[in-house]
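Structure in structure tokens, see below.
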Amino acid sequence: MTNQQLSENYHRGKEVKVSVTDLTKKYDDLLVLNDISFNIYKGEFLCIVGPTGCGKTTFLNCLSRFIPTTRGDILVDGQPADPTHHDMAFVFQEVSTIPWLSVEDNIRFGLKVKRRPPDEVERRTEQMLELVGLKKFRSYFPRQLSASMEQRVVIARNFALNPDILLMDEPYGQLDLKLRYYLEDELIRIWQEIGCTVLFITHNIEEAVYLAQRVLVLGQKPATIKEEIIVDLPRPRNFADPAFVKIRDHVTDAIRWW
Amino acid sequence: MHHLSRITFIVLALVLTMGICSAQAKDEIRVSGQPCLHGLPTWWAIEDGWTKDKNIDLTYTLFPSGAPQVEALAADQWDVGAMGTVPTMMAILRYGAKLIAISNDESETNDLWVRPDSPILKTKGFNPKYPEIYGKPEDWKGKKILVTTVSTVHYALDATLKALGLTEKDVEVVNIEQGQAVTAFASSQGDVVCLWAPFSYTAESKGWKKVSSGARSGAMIPGGVVVRKDFAEKHPDLVVEWLDLYMTALDRMRTDKAGSGVWLNKYFAGYCGLQLPESAIKSEFELRPIFSVEQQVKALTAPDEASAWMKGVADFFAGQGRITKADMADLEKSNFGIDASFMKKVQEKRAAKK
Amino acid sequence: MSTSNVKIAAKGISKSFTTENGTIQVLDNVSLEVKTNEFLVILGPGQCGKTILLNCLAGILPPDSGEVILNGKKVTEPGPDRGVVFQQYALFPWKTVRDNVAFGLAIRHMPVKERYEIAQKYIDLVGLTGFEKSYPHQLSGGMKQRVSIARSYANNPEVLLMDEPFSALDAQTRYSMEKELLSIWEQEKRTVVFITNNVEEAIYLGDRIVLMTKLPGTIKMEFPLTSPKPRNYTDASFLEMRLAISEETELAL
Amino acid sequence: MANAAAANLKEKIGAVFSFVIFLALWQVASMAVGSEALPSPADVVAKAQEMYTSQIGGKSMWMHIYYSLRRVVGAYLLAAVTGIPLGIAMGWNVKFRKIANPIFELLRPIPPIAWIPIAILWLGIGEGPKIFICYVGAFVIFVMNTYTGMRYTDHLLIDAARTFGATRRQQLFNVAIPASLPSIFAGVQNAMSMAWMCVLAAELVGAREGVGFIIIQGMDLNNSPMIIVGMITIGLIGLFLAVSLRYLEKLLCPWRRELQ
Amino acid sequence: MSTAHASALEAPATSRVKGYWKEYNSSVFSLLVFLLIWELVCRLGFISRFQLVPPSEVIVVMIEKFWTAPPDGATLFTHIAASMTLALVGFCAAVVVGVPLGLLMGWYKPVMVLVRPLFDAVRPIPPIAWIPLAILWLGIGIEAKAFIIWLAAFVPCVINSYIGIKLTNPVLIRVARIYGASNWETFIKIGVPSAVPMIFTGLKLSLNAAWTTLVAAELLAASEGLGYMIQMGRRLARPDIIIVGMLTIGFTGALMSYVLTKIESRIASSRRL
């Protein structure tokens, strides 16, 4: 199959979850995002890669309404995106466990803010502790945990909400290789189990190709979408597989940022 | 090495300068005083040049109140000075100072004031022995009284309460400094305020009424003129010389009230920074009896005068638990530090001149 | 290998620390040799005592037992013959770039003119020309680390000890710094001991990789790397080596 | 950049606005409680004009300010000259620290104002005790901040210097002291406000000149506008001292990011 | 590793008691030498005993003062209790007002724009300069003194709460916002807890300022308290009473900050910060 065909096949008959049209963001005179348009489908795992400082984070901030857009719309289920209405979850690049809350209270945090009934809060928290394997550490505080455990707490906190959309901003950037492999596999497992829509932003091409069903390549300032690549490799994927390396090299060429 | 020698040089230079400064031709007498009538004589002597043809050199240090003045005595900062009864007694008791003269009788200028609407003003002379004290004991009971504790006004207050058959337990005593007492009383704090001059003049100008005083309640409050123990022993002649000057000023105050008033005004306004109305200056001389050399000698030697007055104050302190029995015994043993010898010499000197 | 070729060597180094929670054995009988102008990478997970090992090599920390030999002589103190590049840069915030780079020379009381000439050479080498008068806080992380590298180089050490120098940098800067470090090293060869927890970085830079275990730190394995530099991240041999090494590391959860 | 300017302008307008509200409230309050207890802003301005053009206690207002400043600055410099070296020695030399610290810790918690009686006992009246009180206040802060700065010097910097073969002396002068400068400068600011407070306390307790005397004079004369003018003068001088020190710090520590 | 590194350098402790002794023996020694010199200076007459009382006498007077009221009118405990009450009233009032104000200033821009200029304008006026106005407005009871102390303690409370909440990790704010938390909810759930360590530093500074100002406050209209005790010592020319008063102020102040530090570390350890 050619790329063209692959792409057409991929897009056919998919339900749009998030639609981004003509998204533009200017800081004073500095144009950061320029006319970005794309869709994210329901239940899709989409990766966005691009060089550092290309506006990836600005884009996510627009999506989650932390900052107003200059122009363009972001619609979730046909309505303007708004964290108070839509079930969004966000895993940040920086560790974002809340230091004064224990592991279980961290997981409860989102549920409580969303004013879920107490029995549901407890049920979901237990489920999540089980899912990320932190039952034994439920009363620990973030300071007592390793980096990977903290990241798992954050993931559990977000999945506890059963979010429609999970946004992840370079969550594994600072972790070492083996741990990253482990958490990537875990993410895929949870995603497959729960079936939410994931938007994963990374600078690591290998990671993007390993995780995504589809990769969007962002170009250098101001950010625009340079290319879309469908990754149709079976899971679990293998880094050394020549087909994998081929896609990886393809994405690398598309970016050309070093 | 280079640095060291430079430092040595500086130190040497400093030592030399200090040496030159201290080696004066005239004998220096360091005098202390307060912004008060009894502070005037020395300042007057200096300003008016009374020491020009004398072989002494006066330096004058002003203290805001008795406590720092006595503290400075401990620091060896002055030789002779005039102050209130309480600091005088402390200087005698703690530092062995000598009481060599009575600057004035302050009994009337340590007084108690109320606002014009006070019920205390309704009656006068409840105790016929003290006809000038206002109020019945019931009127005084439970009143909040602003007073600088451990001071001469406190003594006057104590005597007033006694005259009415009351004790401090019957009223509410609040300790406060004089200036703050005026401010507080002006903003409707407390029922009675105990002040000494010149603060009493502010009270008068505000229309407050005097209800008692040391004099009215039979408490004799003499202003003390004291000399440091060491100085008295080492330079008795200098003490006499200065005391002579002091008495000269007191004599003028007794005889020429108008002329002295001009100087007192200068002293208050120009030196102490106190702006007082003319009436207050006049009151200063009217309310404060001043003793002549002869009266002084008598007061210092007669058993029922200075020593009795000082004992009255000491008893008050002992009653309050401020001084111990041992302290009291010390005071009595030294006859309250009273030393009439200097005043007698002044008397002799003056007699010889005539 | 012949011993005469050995520049710096650790012999049976052990080190432990006493804390409130008892004694922690950090290094257990670690021995290694680094040849002249060799680029040795010590790879290990976080908290495996590799920084402590480097501090022992530098002479900053005395080992409990064992010794460090430099040019056949025992090391007891830090010295200008061993330059250290720290993870947190350790630049002097009150000195300009130029004065930072010239620090080691100033310590030796070299005349200012000469000092600045040498400093300039290394500032140029690390590509910071034009930033001589900037203060560290005005620089990005990558630039700071360049200053740190220049500072070590300017002192002309025989051995360069680098303690996870790029781990605080973002990914893109990290890649370019790795590339740049290689080119600097090619231009001015030094004996380098480079510490990292990043497998790719290790394979990209090293002549030889020494893999350490978790606490107590011991040397688990050695991987000689023979392929020519600069290496390609997606080369089959690169990926193979990466797999081989990561198979040997433990998963730190 | 335009945004920043707009934000700046907004802040300025806010500041003016809040002062206007404050003055209005003041005016209303003074009308409510009477000018005896709280003089109106206009009263205070009139009084200020009078005070700055005439003499109080035989000296002009400027002389009073000069006297207070002289005491503060003298004590402050003395405290800096003695306190900073002591802090450095305590922070650098373990033996010296163990000897000096307990004595310092014994005396440190005693508030400077509590030293007033002892100061007079030792130094008598006059400038001595006033300077001493300010000195005590500033000295403690200088020592504490220098000491803290020295003790929390990033050990990495010392290690870095050692790897270049710096001697112990070079480590002290080329690394530890410059690295402690920010902390010392924090002390420089605090010590000044402490000294300024202490001079007031000393002057309140007994002085014939200085800004503290102005306030006491206002109280003795029962003149509340005078008190308020005195307070405002004190505040302005305090502010002036703080601002000039901040400027000095900017000048001397150009490498500090927070200041720019 | 760096913590292990530092603590290893600081305390090469073997057994606990022995370690403490080793750590503190020179300190104890230096204090003893200090007291000895003090004693000798007085005994040998280098300083007149009117100016400084030897430590042995100070200790005797201090012990006596535990149960005897004369000459200053109250026992040491009464004075301590009076001063502590005063300081704590002022301090607590400052905390209750200052901390929320600082937090609100740090979180809500309009509050900051309105309050900051006034705060900055009032701040350079030392609290003791307010004494005359305090008497004028609040009289001579505990209110005026508490007000002076309140002023002193208020400033660090505001500043530290303000800085504390300004330093809130922005990521945590975003975490709350992404879950749809309102601004107020984010303030309560994220801003306030994350400011706690800084607030505690502020409380310590605040308590220190309160205690420092205490003596000045007690100079006005007090009939008991440690400041009054010193004042009486002056009027009665009793240097021993003055020094006992000073030392008691020092000890009590140190004790109070120690207690606060303990409370802080208790809270911090329960939160494992």
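Order of writing sets the labels: A, B, C, D and E. Residues in every chain begin at 1.
By our rule, a residue touches a chain if its C-beta (ideal position, glycine included) is under 8 Å from a C-beta of that chain, and two chains touch if they have at least 3 such contacts.
On a predicted model such as this, the values are computed, not experimentally measured, just so you know.
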| item | value |
| --- | --- |
| Minimum number of chain-to-chain touching steps separating chain B from chain E | 1 |
| Furthest chain, CA centroid comparison against chain A | B |
| Chain C-chain E separation of Cα centroids, rounded to whole Å | 47 |
| Inter-centroid spacing, chain C versus chain A (mean Cα positions, whole Å) | 35 |
| Rounded Å distance between chain A and chain D, as computed from the means of their C-alpha atoms | 53 |
| Multi-partner residues of chain E (at least 2 other chains) | 5, 50-51, 131-132, 135-137, 219, 234, 239 |
| Residues of chain B engaged with two or more neighbouring chains | 68, 71, 74-76, 180, 183, 186-187 |
| Chain D-facing residues of chain E, complex | 5-6, 26-28, 30-31, 34, 50-52, 110, 113-118, 121-122, 124-133, 135-137, 211-216, 219, 227, 230, 233-234, 239, 242-243, 245-247, 249-251, 253-254, 257 |
| Complex interface listing, chain B residues touching chain D | 61-65, 68-69, 71-72, 74-77, 178-180, 182-183, 186-187, 199, 202, 206, 269-273, 275 |
| Chain C-touching residues of chain A, taken from the complex the two chains share | 51-52, 146-149, 173, 176-179, 181-182, 203-204, 239-240, 245, 248-249, 252, 257-258 |
| In the complex, chain D residues that touch chain E | 10-11, 14-15, 17-19, 21-22, 37-38, 95, 98-103, 105-115, 117-118, 121-122, 155, 193, 196-197, 200-201, 204-205, 212, 215-216, 218-219, 224, 227-228, 230-232, 234-239, 242 |
| Chain A-touching residues of chain E, taken from the complex the two chains share | 169, 171-172, 174-181, 185, 189-190, 193-194, 196, 271-273 |
